[in-house]
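We call the chains A, B, C and D, going by the order they appear; numbering starts again at 1 in every chain.
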Amino acid sequence: MNLLEIEHLSLEFRTRGGTVRALEDVSLAVGKGETLGVVGESGSGKSVLSFAVMGISDAAAKVTNGAVRFEGLDLLGDGRSALDELRGAEMSMIFQNPRVALNPIRMVGKQIADVLSRHAGVTRDQAKTRAVEMLAKVRIPDPERRARAYPFEMSGGMCQRVMIALALACSPKLLIADEPTTGLDVTTQAAIMDLIGDLARESRMSTILITHDLALAAERCDRIAVMHAGHVVEVATTAELFAHPRHPYTAKLIATTPRPGVGLAELEPVPGALPDLRGDLPDCRYSTRCERHRAECAAGPLARMIDLTNAHLVACRRPL
Amino acid sequence: MNPTLRHIRYVLAENPVTGLAFAGFAAILLLALFGPLIAPYDPLASNTDQALRAPCWDYWFGTDHLGRDILSRVIVATRLDVQISLAAVALSFALGAPLGICAGWYGGRTDRMIGRVVDTIMAFPLFVLAMGIVAALGNSVVNIVYATAIINMPFYARMARAETNARREAGFVEAARLSGNGDARILAAHIFPNILPPMMVQVSLNLGYAILNAAGLSFIGLGVRPPTPEWGIMVAEGSAYIVSGEWWVALFPGLALMLAVFCFNLLGDGLRDIIDPRRRT
Amino acid sequence: MIAHLILRRLLGAIPSLVAVVVVTFMLTRALPGDPAAYFAGPAATPQAIEEIRHKLGLDKSLPLQFVDYLGDLARGEFGQSLTTGQPVAQDILARLPASVELTLAGLILALIVALPLGVAAATRPGSWIDHLARVVSTAGVSLPVFFTGLLLVYVFYYLLGWAPAPMGRLDLFTSAPRTITGFFLIDSLLTGEFATFRAAAAQLTLPALTLALFSVAPLARMTRASMLGVLSSDFVRTARANGLSRGTVLVTYALRNALLPVVTTLGMVFSFLLGANVLVEKVFSWPGIGSYAIEALVASDYAPVQGFILTMAVLYVTLNLLIDVLYGLIDPRVRIEA
Amino acid sequence: MKRLLRALCLTAAVTVSTVPALAQTRNETLLVVIESGTNSLDIHTVGANPASYGVTWNTYDRLLTYGTKTLPDGTLSYDYNNIKPELAESWKFTADDEITFVLRKDAKFHDGTPVTAKDVKWSFDRMVSVGGFPTFQMKAGSIEKPEQFIVVDDHTFRVKLLRKDKLTVPDLGVPVPTILNSELVKKNATEKDPWGLEYTKTNSAGGGAYKVESWKPGQELVLARNDDWKSGPLPKLKKVIIREVPSAGNRRALLERGDVDVSFDLPPKDSQELAKGGKVKVAGVPIENSLWYVGMSLKQPPFDNVKVRQAVSYAVPYQKIMDAAIYGRGIPMFGGPAKPTSAAWPQPSPYNTDIAKAKALLAEAGFAKGFETTININQGAASLAEPMATLLQESLAQIGITTTINKIPGANWRAAMLKKDMPIAIDTFSGWLNYPEYYFFWGYHGQDAVFNIMSYKNPEMDKLIDAARFETDRQKYEEQIKGFVKIAWDDMPRAPLFQYYLDAAMQKNITGYTYWFHRGIDFRPMGKE
């Protein structure tokens, strides 16, 4: 059984400018111990999806359809009340911009201890000791002293380590890492990703890695889901996806991804901009940008996720 | 429909209170314009036989100690009160905005000097400063306006300074500079129009404060000359009658005063919603 | 570090204080009226008035009077109040605690209402509670304080008889506690006079409530705005993602951060309230420095007006310092980077 | 069980015995609320305000005082015609130009020092030397120079008279000539302040019926009975607390709810309603030798024209003012006979509200179309004067005179009076010493005193006033008075409005309240039933 299953999830934002259909009919699954990458341009709905899973969506967000099952428990339905207990304990999340994602006026050790005393059923003192242990575990030197530091006194990489310590404090089964390396320098990025990978393997933790960096996903993930304008357009194992991208968008994305041996000048951006998600949208939201777009693409509803071979799913009438 | 109008309509629909405030504001303006035509009695005519009548069919708001109709006085007072607050706010805007813009634009010594002036005014207890100014210059509407303007000036100067500072390096300013505009022209034609919207919010909030300030001055006897109807002075006069049971003398002008200030304040909120949806407070 | 900050702030405040002294002097001399004529009493001849003018030093030229004034200030002399007949410094010292106690009580009362109101409004923006909070707090700030005060007296003292008579800090049968801080509430507790405490608290309730009504609005608005900002910030999202309880998220994470701008507003509101005090003290016969200043102003009694304004300016500077310190206590960034 | 019973009895006994004790203190304590209190404990100090008159009245003794009489409505009043010894045991004219006082042998100051003639002389020297109001007031009774005061022996004191002045003796019973403890004050005097004014401003140095127990300027004054007082019957009240409550509404509420015993000098509307309500009693006595009036400055044209002044006098809405401004708390001073028929003062003027006549007079004066001018009032008395001004303004508008109302801050009022630049002013004046010529000397005399705000000058009137001052023949004296009153009616520099009441409202159990010309409360005869 999969640890997490997202089924036909649709979500919209009610705003002053109109209703934004941020997610539409999104289905995904994450197995135990698996690392799933979710890639796409910014604004494609990756973060919205992860927030929906964690149940920390904006107040304006409204799930109109679908289910999110964690170990079989529907987090949007019957399991809603359990969500409070799950968050931070069974599933947790780390964010981009670690320096602002931590409480600026609370010592980091305390912030970790807060999580522990909430979920792990330990006393305040025990929580403190465990917090220092967690800091050591994420390879922060001199953890005793660092526990008493404030986020602004630490580097971005250090902050991200703290965030990881925070997320993993209660040994969750699922970690959602939302652009965990954005804003960090290259060496730190690698160290952070190594850390996440190591810790995940150690505890057979499932990971969802959300990133706009296809190269990073290629390096770290077992499977990859490509998102575009609130749709999942393609899902496949990493090797399969890179070898045989079937969706034109995926192909474009891969083409823009830096590879060893290709100079920056040769990279081409994905042409066109993401469509406005308010108002009427074509069935295939990529159609306005798609070079392969034909009249027939608009004929009849688009069947989601055509299962090709080898668990390779794509949402396109004219796949490559 | 153009987007601005649509946005305004949206804000109004979203926030019924703002709609109410706009309606109230319109009503106040109408009263200020046409008040003397609507008032059922001469607001200045005394009728000592009818002194201190409780609200009744002939006198909806009752009569005061000289038998004057309170409803008429409340209505007619609208114009003066609106005039006082508009004039005071306009004046403090006219004083504060240029000072703030200069401080924010030139920085350095200019900024420090203007900052010093503003700090000095702020270091006074503002209401007491207003009292002092009115007492020193003499008891007149014009001096109330001056006093209110002076004590409100720092708020405009500070705001204008901050807003200008934030826009000093903005693209449109750079563009204007490159196309050979002098400082004065940039400030007047580019900076000023851009900082106007946030300043307007401050203006509407200050309108209410200006009325309260004038009322407070009236209460301690530094106000409008009798027998001119003015809300503050009417409350002050009426306050002497509360304990003896003639509550209406103070209550109705007090309510009018409150409603006006209330409308102005909510209007400020509404304007802020319209101008900057993100910063709704 | 904080000491360094305080010192810098104090030095920075000196030019403002000097300007306040000069402006105050000019303002008081511009007041109409002739104190000499006023205090010469009934039936005074011009000659008698001249005598008094000389006695008061008012026959000297303005610059000379200013030099005299500066000399007095340097010696710590604020002059004599003609209205109460006492040295101004002594009057102000005796009355300042009354004003400050009242203002603080009003402020604390306002905070008790404003913080939860602001938080509630921020957690449900656009809801009925948000609108209610907005309308209620705006209504409070729309009322002239003297009107609110009178109304409260009428209803709670005259009609219902719940509140004690509005005649100052204590009723006639309770004697003031031994002066330690000058705040009756604190002094009576320190000396263990609980009856006095009750009496003082009872007298304080209505005027403090009047001030609180006036100051709920800015505090609640700022709390709401600041909470809205903080609640949508990344670290609150982190806290929520970590499953921290609603209370912890709201109070320990969001509110503490949201307090920073509220503290700044608090300072502004406090100095505003000191001004509003002038009117409230008049309504409640509160023996504070506000009512003292009004009487002096109306009598063109220079010394108390000057002393009062100077005291207020110093208070304002001190207040800003306190806010800086408070800021440092809440925000480690200020503390460590200072 | 027995023990419990005993304990119960004991508790009951304690309760029973403490309650009356408390009630006893409450019964011997008087709570007074006033608008604003004294600024000095000594009437001789610079700028001592009117509230200080009442304080010194109770805390100091004078050589002489006045007896009391009962007015027709039952209220007690001081008796102008009955001058009594106070600190003096007796006094008599020992020569035509000499009064000799024999002091009480047993009188002591509050600190126990016996009162001697030395103290009296020092006190008299002081009041004629310090300048300002005290010196001035004594001059009114021809008491001017230290050389006039002679110590005969420890208990005999003599005053030499400069001239025969009928005001000399009455002037010794006003609040000013207090007898101070000279040794105590001298000890606290400095070179700069030889009369120790700084000391007595905040310290009481007398031997009066009450001692100052505590004084918080601007808040509260507490007086305690001087149990050793010998200059009169021992007062019933052991303690008097005078609290300042600026808001008139609050003062009324306090009284109506029974939280205070006396509210003094209250607004006319409150007096009228409280008197009508019957819950408390209101003692209202017309203030002697006093008058509210509309003054017109002869220095400000067109008020130099007598017809204009008369026109205004006919336009004043007298009855409306009586009803709406002072709620009947005064004696009307209009609509009297055409000529003065008595030598009383104040007395009603022959004027009445008559708009037609006013218009005609204005037309005669050449102002048929009216003119513009200002009505000036004292901010400090605005609660009374403002309604009057408003009514006057409305009435004047009917005869074409457009006016603005100028509220002049209390501090500026005296300066404005001195300048005499107010075209129309509404004000009051009252004299302590109850003589018509005293009033006219200040209000109408060509010496142009500060209270002659109209700057009215008429040699004929001056002659009559001056003559009346030293006239001994009753008949002639009355003729002189009628003479200058007649001139006042003809020339009409000021239109009399009413003689105002001094109102004191008090709980029904309060006894002994007495009206005094100085308008302070005398606590000595007061008590509670």
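Keep this in mind: a residue touches a chain if its C-beta (ideal position, glycine included) is under 8 Å from a C-beta of that chain, and two chains touch if they have at least 3 such contacts.
Just so we're clear, the structure is a prediction, and the values are computed from it rather than from any experiment.
Student: From chain C, which chain is the farthest off, judged by mean CA positions?
Tutor: A
Student: With respect to inter-chain C-beta contacts, which pair, C-D or A-C, contains the greater number?
Tutor: Of C-D and A-C, it is C-D that has more C-beta pairs in contact.
Student: Rounded to a whole Å, what is the gap between the Cα centroids of chain C and chain D?
Tutor: Inter-chain centre distance comes to 38 Å.
Student: I'd like to verify one number: the distance from the centre of chain A to the centre of chain C, where each centre is the average of its C-alpha atoms, in whole angstrom.
Tutor: 52
Student: Taking the mean of the C-alpha atoms as each chain's centre, how many Å separate chain B from chain C?
Tutor: 23
Student: Compute the distance, rounded to whole Å, between the mean C-alpha positions of chain B and chain D.
Tutor: Centre-to-centre distance between chain B and chain D: 45 Å.
Student: I need the residues of chain D touching at least two other chains; which ones are they?
Tutor: As it turns out, chain D has residues touching two or more other chains at 247, 249-250, 253, 256, 379, 409.
Student: For chain B, what residues touch not just one other chain but two or more?
Tutor: Those would be 14, 135, 221, 239, 242-243.
Student: For the complex, give me every residue of chain A touching chain C.
Tutor: Against chain C, chain A makes touches at 54, 56, 58-59, 84-89, 92-93, 95, 97, 100-106, 114-115, 118-119, 150, 152-153, 163, 166-167.
Student: Under the touch definition given earlier, write down the residues of chain D that touch chain B in their complex.
Tutor: Within the complex, chain D touches chain B at residues 247-250, 252-253, 256, 267, 269-270, 273, 320, 323-324, 379, 382-383, 386-387, 389-391, 393-394, 404-407, 409.
Student: Across the complex, what residues on chain C touch chain B?
Tutor: That would be residues 13, 15-17, 19-20, 23, 27-28, 30-32, 125-126, 131, 134-135, 138-139, 141-147, 150-151, 153-154, 158, 217, 221-222, 224-225, 228, 271-272, 274-276, 278-279, 282, 290, 293-294, 297-298, 305, 308-309, 312-313, 316-317 of chain C.
Student: Report the residues of chain D in contact with chain C in the complex, numbered from low to high.
Tutor: These residues of chain D touch chain C: 31, 33, 36, 39-40, 45-49, 131-133, 135-137, 140, 201-202, 216-220, 241, 243-247, 249-250, 253-254, 256-257, 259-260, 379-380, 408-415, 418, 442, 449-451.
Student: Under the stated contact criterion, what part of chain B meets chain D in this complex?
Tutor: Residue positions touching the partner: 44-46, 48, 51, 65-67, 135, 139, 221-222, 225-227, 239-244.
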